[in-house]
Structure formats: C-alpha cells, structure tokens
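So, here's a batch of structures to check.
Both complexes shown next keep chain A, but they swap its partner, so chain B is in the first and chain C is in the second.
For the complex of A and B:
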C-alpha cells in the first residue's frame, strides 16, 4: 500500500466520465477547475461534455459545489477514513456491517449505488482537498483515498489527485526533491540533506528556537504560524524577499522588495499535476527578481571563508547511521 | 592543455588495443596531435579508456523525481555527499539526487549519459534537472509511440503528416531523438488496457496495430535523419514467453536502423512465472545475423531498486505481483509513467532468470559494437553498480561462483553456466563507450581520435575489475581533470545535445487545433525555449532514407 495513481489534468479533460471531489469546494476555491479541466469540457471521447460526465461531491457540509454535483454525499465530520475503508471493502465484495456504514452518516443503498457507478465508469478521477487531508486522520486519509484509486484499477481505469493550494508550492516541492531527494522538512545541518517532517519543518525549527537566522521568500509565516514561532522570528535576524510588505516583513530586520513572479519576473511555475508552466511577465519592475537577489547573496557568501577549516575534506558517507 | 603519457590505450573507435600511446589535449578540450606546455599526467602502467557513455538511463525528469518522492526510506540509509568547496551535497542510492548523479557517473569514468524517456509536456522540467547534473554531457529522447496526435495520423494512413508531427515534437521538446515505449500499449492503458502483440488491437483505434507503429516510427526516424535511430522498448515487456513478441518486433524493423532498449526484459520463454526461462540464445542469434541493429543489456543485479518506466500497464501488473507502492502518472495525449520499488532476490527463480539473461545477452551477442552495458537504471539495478557487471563479464570464474548461489531449480532455465567467454579490456571499452557513442551518433564521443572531445578515464591496473572500474585514478572531462584518486576536483557544467529536424512551415497551423483539443496548456507556452537549455549544441540530421 502507498504511492499515487494519477495523471495530468488533460487526461481528466479528455477522458474522465466519473469525477469525485472529496473534501474540497472547487466552485469557490478553484473556480476554473470545472470549466477548464473537468465536468464542463467536451472532448473527442466525451462529445456531450457535462452530459457525458457524472460528478460526485463528498463533504461534511453542502457547499456551493454541491449545486454542480449529480450526487452529493454528506459524510459525518471526521469519518472520511471510515468511509474510504468501507468503499475499499465494498469494491472487493467484502462484508461490511450496517453499523459500520451507519458511522459514516450514509446508507448502504447510497454506497451500493456509488460503487456500481465507480466500477461502471470508463475513467474515474478523485480530487481531494484540505477537507480530507487536513482533518482528523490527515495524511492517513489521503493515503487511504490514493489506495482506493489504485485498487479500483483492478476493475476500471481510476486515478486520484490532490487539489494543491495557491502559489508555486508544487514547484518548490519538485525542485527540493531533485536536489535533495525530499520535498520539504529538510535539514542540512550535517552537510547533507536529511528529512523529518515534524522535526525539521520550518515551524518546528522556529518553535524550538533552533535556528539563528531566517530567510523567507514568497511566504508570510508571520501571519499564519503559531505565536512561539513568530516570537523567534522577531528575536533572530529575519530577512524577507517579497513584492509586498507582509506581516513577516514588519517583524524582520531586512525586507527586500522584489518583482512579482509571473507579473514582472520570469520563471517556471509547477501546476498541481507537476506540469511546468513558463511564466512570461507582461510588465517590467524597477525591483530585482528573487533569483537576482539570491544570486547576489550567494556571491557574497562565496567570498567569505568556507564553513569548514581550510584543508579539511569531509569523507563521503557510504552509509548513514 | 594536458598531456597523458605512457598509458596503455584502449581506443576501439580507432582500433587501438592496449598500445602505449601519448595523448594531447588543447585548451578547447579536444584531442590534438601535440601541445606545448600544460600539465602532464604520467600514466605509465595505467589503463587509458575513452570516457563512458550510457546509452539508456533515467536520471532526470518527472518519472525519476516521482521515484525519489516514493523512496525516502532509501535516501535515509544510502551514501551521502557532504558539501565541500568543489561539490554540492546530495544523496546516492536507488534514485540519486541530481548533483550526486553527476558525481557518481563521473566518479566511475562515465562522461555522457542519455536520458531515455521524456514526455514533451514536462520536458521543461527534465531540462532543468539535466542542468543540475554536473560534469557529464547529456542527450534526451522524446516519448513518441503513444502520442495520440501522431497515432491519429498513422491510423488515417498519413505517414508524411505523422513524420512532420514527430519533427514538431522533437523540436518542441529540445530533444535528441525518439523513444518508443510499448507502442500502442500505453495509449490503450489510458483506458486501463494494454496491447501486447504486434497485431493486437489498440483501444480507441480501428486499424492501427503496434506493428504498424513500430515499422512507421522507425522509418520516420530514418527519414528525418536523426543521428540516433528509433530507441525501442518493445511490447510485452517482462512477460514469460515474450521472446516471440520481441522477434516479431525485430521483423517489423527490417530495413530500418533500430536500437532495442534493455533487451534482457524481452528475452523470456515459458508460459507462466513457474516455467519462465531464458531465451537469450534465440535473441542473440538474431543480433548475430543482423549487424545493423544495436541493443543495451538492461542487466539485473540482485538487491533493492525502484523500477520506473513509461510502460504503465506493466507497472500495474508489477504492483499487483509485489503488493508494494505504486506510482502512476498518465501524461495527456503523450504517454504514461509507472513507479514500483522492487527487490531482485537470487532465491527468486524469476529474478535469477533475469540476472542470468542480462549477462547472457552481453556474452552471446558476439559483436560488442551491438550490445552495450546498461541496467536500464534504476530498473535492473543502479548505474553506479556497472563495475560489478564488468567483473561478471571479464571473469567466467566469478560468474560460476555467483551462479552457484542460485536455486537448484534454475537448471535448464538459463544458458549462462555453459558460456565461457570473457570480455577483454578492448571489448569492455567498446561496450561502455565506443559502441554506445556510435549508436547514439555522437561521433565526437567514445573516441580518443584527433578532434574528438577529450573525455578520458585512467585506471590503475588491478586484477579485480570491479575495483579497477569502480575507482578510476583520473577522470578527464573536456580536457579538465575532474576526478583524481576519488576526489572531485572540478564540477564543470556539461553540454546538452539536441536535434532540429526539418519541418514543413505549415506544421504549426496543423498542430494548433489538435493541440488545443487535448492539452491543458497554451500552444505558445508548450515548446521549451532554446534559452532554457544550458550549453545546448545542435547536432546535424542526415537522412538515412534507403
């Protein structure tokens, strides 16, 4: 168990006749998702567009997205994991008791119908949002849904995809992976990358007061992080690169105004399905780009004495302990 | 400027077999007749080879980066590169990080690598990763055999159009050539199906068959004059009895140039996992009588690895067989991608057959200019284990010792125990450098001749080939000494080679509406901009049309 069975958004646009949004509210949070990628699109394989597609919404409350759905399943808060596990059993014709189903707030008839539709689909896709991945169960919920999608491939084509947030979070994740092997929560304090979310994640490092400087690009932790983390940012030299003055800029020692990405600074943004899109800025900015600033800081650091004593060469670790 | 004197030189591209020769390198990093001044390396008593060339590997892009995400437990235990003045930090292991990839390749004397599977849609990402692989020069191949816009043209009998579509995609991807993976099968996988045989129907198409795709795509590569022929991952990979499919594929390729990728995975007999056996003798026979086709071994080594391929349906099967993690990423209109961690065990009969088969192909195909060292990294094993394979090829005794550890039931399923051939140093130099360079059409690589790129590896002579090839004394890339006695001295940025095949002026207009129908990014944003390729060098296309 584990892994991820997914596709790029164009595959959904072209083929998905069965679309589930789970724990998300695309009508309000990703307003172009329906029209650009999913239910409203016509394609070679689904020429009638919306009529050829079934949309299911699973959520704890009836959001605006429910209006767009053919089927709305209101799951009891905190019972997503149970519901996914029941579906995993039902697709394999394993026995599930009425009491187990009752916990989810849904009925056997509704779930039988859902399983029938899932298996009857030619191409199913499940999008999941923070209502699944950030509530009780967290990453266990995501893992369960990804497993359900994987297991559905015994019957028909099925994929799953997280609805990633705004900004270029995916891009940072992708690049950290190719340079260090890990997506986030990385420390270099032994001279090579190590990973432990919960220990090396920014928030944990700040709350413990482990770092003696902070360098922040394109984020505003001063607005979102817990108070002890914010207090530590105030204590240490904090440097912020941002086109705007943010909460974090106000508590920082240095704020450097930079050109906004995609508007006045070129680059690459990675879409939620990890497809790289070039940013072609329509405007010019009097401010330097983040990249230019970081390069200049790097040059200045390179001019300083190396972090290890002259003449010492660390051994390569053939295995970590 | 650099001189290398007194070494025993193995330079198969120029027929030099262990003669003591001096080499001279100018300030442009090329071999010349002689130089005045500069450093001299006294290589007396040492062995001098052209730098290694990997004809088939997966080191950059969405697929390997997906594999990195899926294997944090391996990163945690594997070798680590600590940052120093000359190198950046990184991790080795099953799916090494980019900087480490460059250090590991260069560290064993490989100086050119071919990234063998790139979807155009994420080619921008692949090039960004390639730019982060230091030292080595690079090429990349575009996944074409399941591209639906091209398949639609073939279905309609529009060969010329299909050729134009391929040319358009290659330039959009800033690619060096064409990779074909399970032709038609991956397109069928978009509907959860496969296409295993050359005459199989392809879900979504009426007339088109995998055989039709193979034959025409090979011809397209020749007609466009690509320096490297079609690079083909055949249908029915990994399945018992697939030798029939592979031989049928080869027949469909007659009259064209072709490179068959990782043929170890395509040379099995039997009709189930219990009866699976090696049929490498049959496949080797074909190569021995058809000197114009080449292959790489795709050899398997026992141990942990992660398998990654565009062959989505095969990975689904592997996931069902192993019950391990499964990653799958279907790429709109173009291709698929699957990831499954895997452990090859000597006690497992299927794995034992695979281990033997890879070596058998390397040994039974007589001409080393036709079969090259590869593990289909990381599929059969990691590239940094190549020295182990070299030892297996050079020592029949060592092979016998390893074969004894296989289960008794292996008897009759493999031919390896009957093969006494031992590679010479000259043959190793062909298989790891001169041969793959020639197959890739990189005439300035894999050769120590005047005017060629001065990529050289110098070994201390050693009775243990694994130790000798694992620890070169010097590695020289483009005339610069990058490795000396295991230390990384310099990490120059390598180049990327690509092609710009001739295209009809109206191909953009033809592509636009078809593109807009199935893609989700804008037509203008799709092609990778030339300025994004670091140290790009366009290689010439010369028509190979008969």
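For the complex of A and C:
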C-alpha cells in the first residue's frame, strides 16, 4: 500500500474530532496550528470547539505541546516504527504480545484505549513531524504512519499530514512533482529527470563531492547541513541568492541580495496541506526578486554558444515559462 | 567502568525560530544554539555544573556546549538546531537524502 491519505487544513478545522501529533511540537514550532486549524476552532460539525475534539501527543519527551494534549504518550526513543506497527495490528484485532508492547515504553491498557478512541472518532487526522521522519527509520516511519492512516479508513475517516517547516518547503516539493514527476533528489544530467534519494539528493551529492558548482536560492545549508556537505560547498564555486547575509553567503564565491518573498517580492507559497496561496508584497525593495535574477542568468547562459560538440546534445526539456 | 553514553536530539523551539529572523550572528542565537539541555540527575552523575561547558562527541565530530538542567528524560540531551550541531552530523543519509539529526549516541566530557 502506498500514497498519502490526506485532506486540507480547512477540512481538519471543520471536521476533525480526533487529532494526533506524532514526533512534533506544534506549541513551539507551529504556534498557530492549534488555534487556527486543529483543536481550538469551532465549526459547523464541531460547534463546541475544543470540547468536541480529542488531541493525542506522541513524543519522546514532555514538550510544551503536552499541556494542550488530552493524552500524552511518551514513546521510547527510536521505537516509533514498532509502536505504529503494533497499532496497525491492534486495529485489526491481531495478536500482539506484552513483550512487544513493552519495547515501546507504553502499556496495553493505554494502547487499547487509543485504538478505541481512534475507531470511535468521526474524522481522525495524524500530523507527523521531524521526531518521526528524522530519527532512525526515517521514511519507513513516515510510510508506516501513512499506512496506518489508510488502514484506519476501514473503520472511520482518517487522514495524515506532515508538519512541514520553514517558508514554502512544500512549494518546492509540489512544483518539482508537477514539473518532473518527482518531489526531490532529482538529476537532469542526462537531459531528462531521474529520481533517486541517497544518490541525487543534495546532501549526498555534496558529501560525495559529485558537483563542481552550487546555486542556492533562499536557503542556508551552511548553517543546517552536515559538516562534510558544508566543507564541499566551501571547496566549489557556490552562488547564493538571499535577502540576508547568511552562513552560506560567507562560504560562497558570489552572494546576490534579493528582495524577501512575501514582503517585497510577489509569488506563491504552498501551505503544509499543499494549498497554494498568493503572496502580495506590502513593501518595495531596491533589490531584484529571485525570479528576476534567475531569468537574467538564464538569458546570459542562453546567449553563450552551447558547450558540447555539435550532434552530441542530450535531449533537453522544454522550458516552462 | 564504561562511560555513560547519551542520546542526543537536535530540536526546534519557538525562540530559535524567532532568532533565525533576528540573525544567526546575534548573541542570543549563538547562546541558544551553543546550549544543551539535560536532566539534573545526569549532570550530577557525570560531574557537570549548571552553566559549565562540556565537549559532546559523536562518531563524526565534536563541539563544546554550555550545559543547563531541564525537564528532559534521563539519558537524553536536547540542543536547538544550528551551526554547532552541524559539526556533530555525519554525511550518510541511509539512502534517503535526509541526514540523521536525532537519536545520536554521544559521549559527554566536562571541560
């Protein structure tokens, strides 16, 4: 089973009476999530707001989000996959031993209660964060949770959604998916898109030293990526487009200051539920937008003679403007 | 006696998110990203005082962090993401494209 059974945040706001946050701390990292979409809002179907909704938090420590939760489940570090797999078995009344449950740090009574509540909900939504996707197991953890959400639909309506962070990371995935069929980890080195995470993904390409130049738009890998990747960015010509001077700017050969998106540059940002939202800049900037800079670079490249011998050009994608 | 090992989790906080916009060179941001939180019991066990610096070492790198006691489970350390945690991160993504940033086994040596 694959894919993501999901919905928009509007549907969550209107209908979700059972919310699970797994490996995330929205009280600190998405501070308006509770109030705008998930637990505080009153709606046509949930007229009493918070009283009509149940919130469960699954995490390895008691974060600030635990105060807002009805049920807090403290799972042992690195045992999320085991817990999700146990829940997948328990919803189908398959046998699970006490030893298997004990590995997760929780008890059978707690899990029985959780399964009962999940099945009894009218509309359940599981949000998962980096506590699930960036620990051991990574995409296997996410896939297990998405499968649990899909399988819960045999009993009631259930969906899952990743808690995306930072400005418009969802937009990058959505646009790459729309343009190439793949969300990330794509190479165009044969003239057509190929996808292979671990091989063509940014960190891996940098750590192996596969690329001999880097062009970075609105990101700061110099302050966020593993040190071996940062070391390679220092070795090669790195070009940065950013409204601010960042750690990456300092290790780059060229920094071009651009107007900040949404403040002085127009565009479209994608919400975590993949809804596109137009950005209307209230201010003007003396700096060009990222789009203007990229277009000028494209024009300058197009004006140069093609670098490969005639007759050896790979099949090129038609540029979408 | 074998040395106690800890599980380190890089994490986010609202203060860190706000300070990114203030500037990653600001004193507060540097202070925050160079501070680790662990349980008071663990600190006493390895002889760390509040505010003391300790060297955190993974199999990939090491970095010094100021220590503070907090409400975290025994055996665990939490540090906000930032340039110092990059020093501890290995480049292997296990074929996923995503480096591991949580659940590292680390040694902690008081300085």
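Following the convention adopted for this analysis, the second predicted complex is superposed on the first by the 306 of 321 C-alpha atoms of A that agree within 3 Å, B and C clash if a C-alpha of one lies under 4 Å from a C-alpha of the other, contacts with A are read in each partner's own complex, and residues count from 1 in each chain.
We adopt the following convention: a residue touches a chain if its C-beta (ideal position, glycine included) is under 8 Å from a C-beta of that chain, and two chains touch if they have at least 3 such contacts.
Treat the numbers as computed from the prediction; the structure is a model and nothing was measured.
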item	value
Contacts of A:130 with chain B and chain C, given as first, second, both or neither	second
Which superposed partner A:11 touches (first chain B, second chain C, both, neither)	first
Touching partner for A:254 - first (chain B), second (chain C), both, neither	neither
Partner chain in contact with A:227 - chain B first, chain C second, else both or neither	second
Contact breadth on chain A, by residue count: chain C or chain B	B
Partner chain(s) touched by A:102 [first = chain B, second = chain C, both, neither]	neither
Touched partner set for A:156, first chain B, second chain C, both or neither	first
Chain B versus chain C as contact partner of A:301, first or second or both or neither	neither
Chain B versus chain C as contact partner of A:198, first or second or both or neither	second
First (chain B), second (chain C), both or neither touched by A:283	neither
Contacts on chain A seen with chain B and repeated with chain C across the two complexes	none
List of chain C residues in touch with chain A within their complex	7, 9, 11-14, 17, 23-24, 60-61, 71-73, 76, 78, 81-83, 86-87, 89-103
Residues of chain A defined as touching chain B within the complex	1-11, 13-15, 36-37, 43-45, 122-123, 150, 153-154, 156-157, 159, 174-175, 177-183, 188, 190-195, 268, 270, 274-278, 280, 306, 308, 313-320
List of chain B residues in touch with chain A within their complex	60, 62, 65-66, 68-70, 72, 75-85, 88-91, 93, 95, 97-99, 121-122, 124-125, 128-129, 132, 190-192, 204, 316, 319-320, 323-333, 339-340, 487, 517-521, 525, 529
Residues of chain A that touch chain C when the two form their complex	25, 27-29, 31, 60-62, 74, 77-78, 130-131, 133-136, 138-139, 165, 184-185, 197-199, 201-204, 206-207, 220, 222-230, 244, 246-247
